[in-house]
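The data blocks that follow each hold one structure.
Each of the next two complexes has chain A plus one more chain, namely chain B in the first and chain C in the second.
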Partner chain A sequence: MKLELGNIFIHDIQFDDLSRVENGVLYINEEELREHLLEDENISSVSFDIAKPGESVRIMPVKDVIEPRVKVEGRGGVFPGVISKVDTVGSGRTNVLKGAAVVTTGTIVGFQEGIIDMSGPGADYTPFSKLNNLVVICEPVEGLKQHAHEKAVRFAGLKAAAYLGRLAKDLEADEVESFETPSLIESFRQYPDLPRVAYVQMLQTQGLLHDTYVYGVDMKQSITTMLYPTELMDGAIISGNCVSACDKNTTYHHLNNPVIRDLYARHGKELNFVGMIITNENVYLADKERSSDWSAKLAEFLGVDGVIISQEGFGNPDTDLIMNCKKIEAKGIKTVIITDEYAGRDGASQSLADADISANAVVTGGNANMVVNLPPMEKVIGHVKLADTIAGGFDGSLQPDGSIVVELQAITGATNELGFNRLSAR
Partner chain B sequence: MAKFRVVHYINQFFAQVGGEEKADHRPESREGFVGPGMAFNAAFGDKAEIVGTVICGDSYFNENLETATKEVLGLISSFKPDLVIAGPAFNAGRYGMACGTVAAAVERELDIPAITGMYKENPGVDSFKKDIYIIETKNSAAGMRDAVKVMAPFALKLAAGEEIGASVEEGYIPNGIRVNFFEEKRGSERAVDMLLAKLAGKPFTTEFPMPDFDRVEPKPAIVDISKATIALVTSGGIVPKGNPDRIESSSASKYGKYDIEGVFDLTESTYETAHGGYDPVYANLDADRVLPVDILREYEKDGKIGKLHRYFYSTTGNGTAVASAKAYAAAIGKELVADGVDAVILTST
Partner chain C sequence: MNRAKGVVLFALCFVFGRKQSSGKERYLILITNNPKFQSDPEPRCDTEYIAGSYRDVLILVRDRIHQGHRLLSHPLSGSVKPNETPYKSILISKNTGGLDMDSLQIIEDSISTCDKFMQNPIKYGHNNQDALLADFSEVDYRLIVAAIASASR
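Here is the complex of A and B:
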């Protein structure tokens, strides 16, 4: 399977009468997009704002971040099974509005959800401070239950991203990247002497605001399975997931999965990247055992020498991580795991909730309990009063001057376990 | 700015008093630098100066630990230093123990920053790495130049009260305190590098060595449960509606203790969860799902258990450091024992 990404670089977003992309500027007709999103009867109001790199702007609470993309050639459309009809994606050509993103916000449950600062010390910790963001603020109709509310906001973000993506359908790309994964047998023929490597991606599946969807399927209802890595680039995996925002994968992360990119970068040179396995992080022990058995079985079946395992979340999923690692190592397959740490605010506590001697190659995204002081911003998009109750916040987090003293875990993507960032700890 | 006053602690060998035959050399002090102190002094430039050197034989120190420490500390403090450097001891075991003891005592008793340097296998490392910064050195004195290059600027940073970075940035031996920093490469690329090294059988360094786990052996079963007082304790965050103690949704800084005298059922209007790490909808509808008060009241009535303890304890396990959880457990356990509770049902989520 081969996919080309046509990147169109966006360096500014503006509201205008006509939605279009021109000279690297994304123009948006607010009214048209609002009408489109209000087609959902569960949403009572939609408003928009724009947040650009370097501005004194705080967005909170953030639900999801999504990169606008559109299918130009090949089967299916972006976000298959959700926004587009179910069809196998990941081949042909997809255009990307690089440098732009849709950020969804609004109250969801009361606590939980993250912060994006566009400047200041907080901006260093989130990759989304470097993007031109269209912020979509959605409020639900009166009395909407939480699960339906979450779904409505999730869909609004994806619809907005797909709407913006469509503006890029006929544009000429500034840059074209190409990614290809042949069949297993073909890849063995091509690179008989290179170590065979697969990627095992663990997906958060613990219930409301902790869910992930694959081709529209709630991943906690699925057993461990396989995908071509390029399928993710067309939105095969989407996020329903933003609690303890530091180590949850937004849809943007899935579209730009860095493990996939970095394995492709070495593919055919130092290793043979044969494909990927996706597995879940359900809360029941039987599910954990079954899913990790399947990860190990599929890795063995692929005949790989090594795997990279990425985690999503912490605590309960630490057990899934260690089970995956232990069982795959037991098959004689070498592993590297990517995780993050909850070592306490002083960094002195044990970092993970589970451990095993076979997990001897660990990459860490840093200690999420570290306290950061986020100075006041001139403008807050969303609901600043939630600072005390979002995960990572505490009583008194919100200071009288508008600054927020909070654990890193409140910052969207800060300790990402796909290895998206440079942050680490020792 | 005035130069920092530094005192250097070294053994008889580095002071050129003598080798093993002089290892019983008693503590003495000299003005200015001696031996390797010259290199430190040069590295400090105009920021600091070695004002005195304290010398002690390794055998004397280790065989008279208490008195020698006292004597050495007295000599050090007489120079009124801002900073103390001990060694480096490289792989010399007794010298390492002496340097560790001196540096730790200087920090503890004189409240002056102190560092030392050792080879990672020096027995002094395990004894003192949690108390003081130990810069990692080579295993012999041939590594002196390299050691000074790292130790001198680090010591100045410590004396100036600057923020100390992660072990890998600063060069000290990991001390169990996890410190965040920005790597040069992103995590995914580091993972690919690490996997390629592991596959090729080449050396690699894990970014997080697996900890030793504290496994708790379960107590023997209760002989007669129908006479037992049972308490409920949860990390599932069940609290009276409104979360009166403001227990955090993640990384809890406290636990709550709640009276359930006369409570037979936890309802949507009376209890909820403060926990941010799981879908709260079902716990909020009926908190008995996490904290089974209703069933235990039935058992109490039917005589299946002695009684349900009057109080339950609750915190959120979500993102809460193990050290915090351990401290809460110790405090809760003490009260439960004092209250005559025979058994605890501990519910998680």
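Here is the complex of A and C:
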């Protein structure tokens, strides 16, 4: 399966009478997009704002971040089984509005984290501070329950991203990238001497506000399975995850998974990237046993020498991570795990809730308990009232000058376990 | 199965699907301090409600594991830290056997994790406390209902 990504670089977003992309500027007709999103009867009002890199702007609480894309050639459409009809995606050509994103905000639960600062020290911790963001602020109808509210905001974000993506349908790309995964037997023929490597991606699937969807299927109801990595680039996996902002994977992360990109970059040179396995992180322990059994079985079936395993979330998923690691190592396959840490404010405590001697190659996304001081911003987009909750709400406090002392956990993408971070210890 | 029988069976499943269960719930015990389980008819399994803390629930579950019950749901369910949510619900087996070391390992690790977070227990909700508690309760409830659905498959 081969996919080309046609990147159209966006350096600015503006509201205008006609939605279009022109000379790297994304123009948006607010009214047209608002009408489109208000078709959902669970949403009572929609408003928009724009946040650009370097501005004194804070967005909170962030639910999801989504990159606008559109299928130009090949089967299916973006976000299959959700926005587009079910069809196998991941081949042909997809155009991308690179440098732009849709950010959804909505207070689904009162303790919801998710801060994006567009400037200042907080901006260094989130990759989304470097994007031109269209912020979609959705208010639910009176009395809407949390799970229905989450779904409404999830769909609003995806619909907005698909709307913007369609503006790129007939544009010429500034840059074209190509990604290809041949059949197993073909890749073994091509690179008989290179180590064979697969990617095991763990998806957050604990339940309400902790869910992930694959081709529209709630992944907690699936067993471990396989995808072509390019399917993710067309939105086969979307986020329904609202909590633990620092280490949840937004839909933007899934579309731009850096583990996949790095493995493709080394494919045919240092290693043979044969494909990927996706598995879940359910609460029920028998599900954990079954899913990790299948991860190990599929890795063995693929005949790989090594796998990279990435986690999503913390606590309960630590157990899935270690189960996957142990069982895959027991098949004689080397593993590297990517996680993050809750090691206390001083970083001195045990990092994970589970451990095993076979987890001897670990990459960390950082310590989510680390405390940072976010200075006041001139403008707050989203639910300003949440600042009142943050005063006591987060594991810190709102200072008299408007700054927030907060753990990294509150910052969207700060300790992401795909390694999609801007800071490193290198 | 011919087509007509299939349609009838499908229709019966549709009519009775919500009421019917696999009956596996009767093999479960829910230990919880979440008040939502006191007022709600779901789930249909034995429920032991304690008016205690998050940690108290973990300790009670550990005691049950020592008595031979097996742990069935992960004690750290939800990406909400123990120093934030006051609520915890955990499923264990109704039947007992020998001491299950895997269950013991997980609950002991979870207690250690809870204690780590409680070393600095600045809590949520200095403002808007009622709304936050309702949300914490709802999320804990939904996660365990999803686990019971897994158990009932």
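By definition in this document, the second predicted complex is superposed on the first by the 409 of 426 C-alpha atoms of A that agree within 3 Å, B and C clash if a C-alpha of one lies under 4 Å from a C-alpha of the other, contacts with A are read in each partner's own complex, and residues count from 1 in each chain.
In this section, a residue touches a chain if its C-beta (ideal position, glycine included) is under 8 Å from a C-beta of that chain, and two chains touch if they have at least 3 such contacts.
Nothing here was measured: the structure is a model prediction, and the numbers come from that model.
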Three-chain arrangement built on chain A, chain B and chain C clash or fit: clash
Partner chain(s) touched by A:G365 [first = chain B, second = chain C, both, neither]: first
First, second, both or neither for A:S295, with chain B first and chain C second: neither
Touched partner set for A:P195, first chain B, second chain C, both or neither: first
Which of chain B and chain C A:A425 touches, first, second, both or neither: first
If touched residues of chain A are counted for chain B and for chain C, the larger one: B
Touched partner set for A:G347, first chain B, second chain C, both or neither: first
Partner chain(s) touched by A:G315 [first = chain B, second = chain C, both, neither]: both
Touched partner set for A:S91, first chain B, second chain C, both or neither: neither
Touching partner for A:K248 - first (chain B), second (chain C), both, neither: second
Contacts on chain A seen with chain B and repeated with chain C across the two complexes: 109, 111, 146-147, 206-210, 243-244, 283, 314-316, 342, 344-345, 349-350, 353, 388-389, 391-395
Of chain C, residues touching chain A in the complex: 71-74, 76-81, 83-85, 91, 106, 109-110, 112-113, 116-117, 119-120, 122-128, 131-132, 135-136, 138-139, 142-147, 150-151
Touching residues on chain A, where the partner in the complex is chain B: 109, 111-112, 124, 145-147, 195, 197, 206-210, 243-244, 258-259, 261-263, 265-266, 270-271, 283, 305-308, 310, 314-316, 334-336, 338-339, 341-353, 355-357, 359-370, 388-395, 407-409, 416-426
Contact set on chain A toward chain C in their complex: 109-111, 146-147, 204, 206-210, 220, 243-244, 247-248, 282-288, 313-316, 318-319, 342, 344-345, 349-350, 353-354, 388-389, 391-396
Residue ranges of chain B in contact with chain A within the complex: 166-169, 174, 176-192, 194-196, 198-200, 204, 206-211, 213, 246, 248-251, 253, 276-281, 317-324, 349
